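The same chain A turns up in both complexes below, where it pairs with chain B and then with chain C.
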Partner chain A sequence: MDLFLQLLVNGFINGSNYALLGIGFGLIFSTTGIVHFAYGSVYTFAAYVAWFLATSFGLALLPSMAGAIVAAVLLGVACYTLLYRPLELRRAPPLIPLIASLGLNIMLENLNAIIFGSGVRSANFASEVYFAGPVFFTSVHIWQVVSCIAVVAALVVFLRKTRYGRAILAMTDDPNMARVVGIDTKKVSYIVFALGSAISAVAATLTLMKDGASTHMGFIAVFMGFVAVIVGGVGSLRGVIAGGFLLGIVESLGLWKISTEWQSSIAFIVLFIMIMLRPQGLFSIARR
Partner chain B sequence: MRKFLTAAIAAAAIFMAGPATAQEPPKDPEVFRFGAILAMSGKGDWYGKVMSRAVLLAVDEINARGGVDGIPLEAVIEDHKSGVAKEGVSAMTRLINISGVQAVLTSFSPPTQAIAPIADQQGILVLNGGGTSMALLGLTDMMFHNRTLASDLAIAAAMRAEELGLGNMAQLAWKNDAGESMIAAADPFWEKAGKSIVATEYMEIGAANIDTQVAKIRVSNPDWVALWTFSPETGLALKKLREFGVKVPLIGVEYTGDVKELAGASAEGYEYATDFFAPSAENPWSEQFAKAYRERYGEEPEFYAANYYENVYVLAEAIRRARAEGGAYWNGRKLAEVIRKSPTFPSVYAKEMTYQDNNVALKQVGVFRIENGEPTFQKFIDLNR
Partner chain C sequence: MSGPILEVKGLVAGYGKKRAVHGVDLTLNKGETLLVLGHNGAGKTTLMQSVFGLNPPMAGQVFYEGRDVTARNPALNVADGLAFVPQGHAIFSSLTVRDNLELGAFVETDRARIQKHLDDVFSMFPILKEREKQIAGTFSGGQKQMLAIGMALMHGPRVLILDEPSIGLAPNLVDRVMKSVEEIKRRFDASIIIVEQNVKYSLPVADRVVVLKTGGVIYEGAPEPLMDHQKLIELF
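Moving on, here comes the complex of A and B:
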């Protein structure tokens, strides 16, 4: 039972990280229709920037995270400006941005290695350890859950209460109709790339703090974000959150009685079951 | 008289020819030219530098003493660009077709694996001193290894745990052939010692999240945790195990700069078994090699240099033994045959080493303990015991 409780807590904590990744990736995907696999490299870049600021300038967690957010926003917007936007203007078929994003991901992954070196990086942010009966967690785990809640709350307010937030919802619902009613879809695309990239930087800084950073960390991050979006339902914020937490908890509790050698298969099993039983996802909105 | 002379010449000819089973005289080449396919460029060029230095040092030493039975050795060094398999294959092809080598020293697992079928087909002796992958085993009878493979390092680590009087073992392993081979080697060793294995957990290479594995290890209440992983995952494992309050000894098989970076203070007290060269008075050859290397290159030799230096001497000794059997001995298959026939060779580590049936030499490995962030040598473990 002790192990069950610990795995449940682990799953919840990991789920908050997957939910964050899913929110950032899903925001871009559901609004622009671009499967931005280079999101993984933006996430990696943010982690390395946070590491650089923390180790070179001795910055604490929040200033390092702020620097990482700025860097990720710049890189994310540059991805849209230099790659996806020209493809949109040329009316490239949907497969082309997908392939371009894979190429961009490889290029940025190498660029990260050239800029920061290919070795692993860690930053010694202060971290406390807590025990609640048989269950263990650290201050980094608390940061992960709190960050997820804070990002979700801020995003809900932004989407419902601001003009651009409502424009994002409209474009997510129907991009053609949004254009017809006068929404500047180009500007909205820039905003979602900036927001999605900023959210990736929050998750990246916390991962740096918890597990360290490596140049290949982006692949699994973007994959988990992608699975959370598909499981939760494209275009649904609550769906992505539910998908992220479901993925984290199933991934952790699924190994309660079976060998951990199956760990990497669990995300795929969740994905396959969801695609077969409910291909529209848990909370999908009807679209296009 | 003519008849007598004819008979005498015939008798002399028969005498000179000897009995029907006598060996043929050796067919000597002008030079024993061999190849060395090393990481001369790319990210791993440090390995190529130390390995090629050691090869050239050994060649010069042997030639200064008159070569092998009076015939000089010559090394042709090629580049696999830090582990690129196709570069290894190109280099092997050049060495065979242009340089006409019968033996090749190789490093890194991917190019070594890639050249194995060529060596097998063309009958070229391959001596590996760097690649550790279990995938290198059984590829060809032409390949021999003087680098301790992962499974033997695991046994050395388990031997260390046994010496420390540790009981229940939990193990965290890479989910690949290296991790599985270490489990396959350590499990029977530990059970034979009458002790228990309380948890066996796996992690992917490149895994960022091992909280589940660590939680399962923690509740298994082990007396020690074996880390059958390599860099950088060993660093993550050390960090997570200590973070989760696992206070028992942690023993593994590697400690690198990346492991140090990731683990930080969590690495304190961690012990690991690895190939280690240290000159000692017990083996004057080791001191002589270290002195010559230091004088020539201004640096202390480490185990990679020692392995390749030793491999040149293994080749020279194999040539000598093959030549003693006469005939067309300068041939990779013949060299491999004499190594298998008599698998014990002088070693620059201990006095001698013996190739096992799997063509891997059993050697002593060093045990280190991390103290104040730095590895401190504890002792040698003899895998031959």
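Moving on, here comes the complex of A and C:
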């Protein structure tokens, strides 16, 4: 029973990280229609920048995270400006940006390795261990859950209460209608690439704190974000949050009976089951 | 009625390399209701999308209030008072009626003007007020069309383009939508282009008619001669 409780808590904590990744990735995907697989490399880059700031300048967690956010936003916006936007202007079929994003991811992954090296980089942010009965967790875990709650709250306020937040909701529903009512869809695309990249940097800094930064960390991150979006339903914020937590909990509880080496396969199994049983996701939005 | 508010000169438009509109000239005068008639494939929608900026023309020019707005970003056209209601219940289905109407006023920053336009829209279509918190995608076809028109009115347009507003609607609803045209002109002081196939309901509200066939203008003039059934058959 103790093990079950510990796995459940671990799953909840990992789920908050997957939800964050899903929110960032899904925000870009549902608004622009771009499957931004290079999101993984933006995430990796952000983790390395946080590591660099923490180890070279001795910055604490929050200033390092702030620096990582700035770096991720710049790289994310550059991805849109230099790759996806020109493809949009040429009216490229959807497969082309998809392939381009995979190529960009490989290129940026290699660049990350050239700049920061290929080994695991760790930053010594202060971390405490806490016990609640038979369950233990650390301050990093608390940061992960609190960050997820803070990002969701800020995003909800932004989407519901601001002009460009509502423009994002409109473009997610129907990009052509968004143009018809006078929304500058190019500006909205820049905003979601900036926001999505900023969210990736929050998740990346916390992963750096927990596991360190490595060149290939972005692949599994973008995949988990992608699964959270598909499981939750494209375009649904509550869906992607539910998808992230479901994925984290199922993956963690799976370890109760399955060897750890199969852990990453659990996400695939969740994805396959969801695609077969409910392809529109848990909370799909109504579209025209 | 006074001078032209919208002029289209030699407009050529299409999709990819395929041309659907071949050098069309069109004028909309201030305060006028212009009816653009034509069968499926006549190029009506392509023409209006090009005028509005959704589908940049291959050749030709569009002038709005004397300024060249050819191939301009639709966001700028909307900000300058152009509004377009695409065919097929053009709304945001996942959002509430109120959200849809507020998005219709996206380019308007003056809260007092937004409230005035909202009051006008609610007065014209009371069902929208009654169901402002309802998700728009759950509306019936007629209600969706009213909402689509209401959205276009939310920024107080000077030119309103309605693309086949009668499509998929029961006759009583078509009548209701067409009757709203006069009210729109009165309340919003707007000039209107109606793109239609439904001659019976649209002809009575028109001041002038243009008939398109295979991407070209084959008739331009008063609506009265077209009320003669034989004349219409000859044209189509």
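The rule is short, and it goes like this: the second predicted complex is superposed on the first by the 286 of 288 C-alpha atoms of A that agree within 3 Å, B and C clash if a C-alpha of one lies under 4 Å from a C-alpha of the other, contacts with A are read in each partner's own complex, and residues count from 1 in each chain.
In this text, contacts are C-beta pairs under 8 Å (C-beta built on N, C-alpha and C of every residue); 3 or more make two chains touch, one makes a residue touch a chain.
Keep in mind that what you see is a predicted model, and the values were worked out from it rather than measured.
**Q** After superposing on the shared chain, does chain C or chain B touch more chain A residues?
**A** B
**Q** May I ask you to decide whether A:S139 touches chain B, chain C, both, or neither, giving the answer as first, second, both or neither?
**A** Neither partner.
**Q** Quick check for you: in the superposed arrangement, does A:N10 touch first (chain B), second (chain C), both or neither?
**A** Only chain B; A:N10 stays clear of chain C.
**Q** Determine, under the contact definition given at the top, whether A:A167 touches first (chain B), second (chain C), both, or neither.
**A** The second partner, chain C, only.
**Q** So in the superposed three-chain picture, is A:S252 touching just chain B, just chain C, both, or none of them (first/second/both/neither)?
**A** After superposition on chain A, A:S252 lies in contact with chain B alone.
**Q** For chain C, which residues are in contact with chain A within the complex?
**A** 52, 54, 73-75, 77-79, 84-86, 88-95, 99, 102-104, 106-107, 135, 137-138, 151, 155
**Q** Which positions of chain A touch chain B when the two form their complex?
**A** Per the stated touch rule, the residues are 2-3, 6-7, 10, 13-14, 118-122, 124, 129, 131, 136, 138, 207, 211-212, 214, 216-217, 220-221, 251-252, 255, 259-261, 263-264.
**Q** Could you please specify the touching residues of chain A with respect to chain C in the complex?
**A** Residues 163, 166-167, 169-170, 172-174, 176-177, 179-184, 235, 285-288 of chain A touch chain C in their complex.
**Q** Using the touch definition from the top, list the residues of chain B that touch chain A in their complex.
**A** Listed in rising order, the residues are 43, 175, 200-204, 206-209, 211-213, 215-216, 218-219, 232, 235-236, 239-240, 243-245, 257-258, 261-262, 264.
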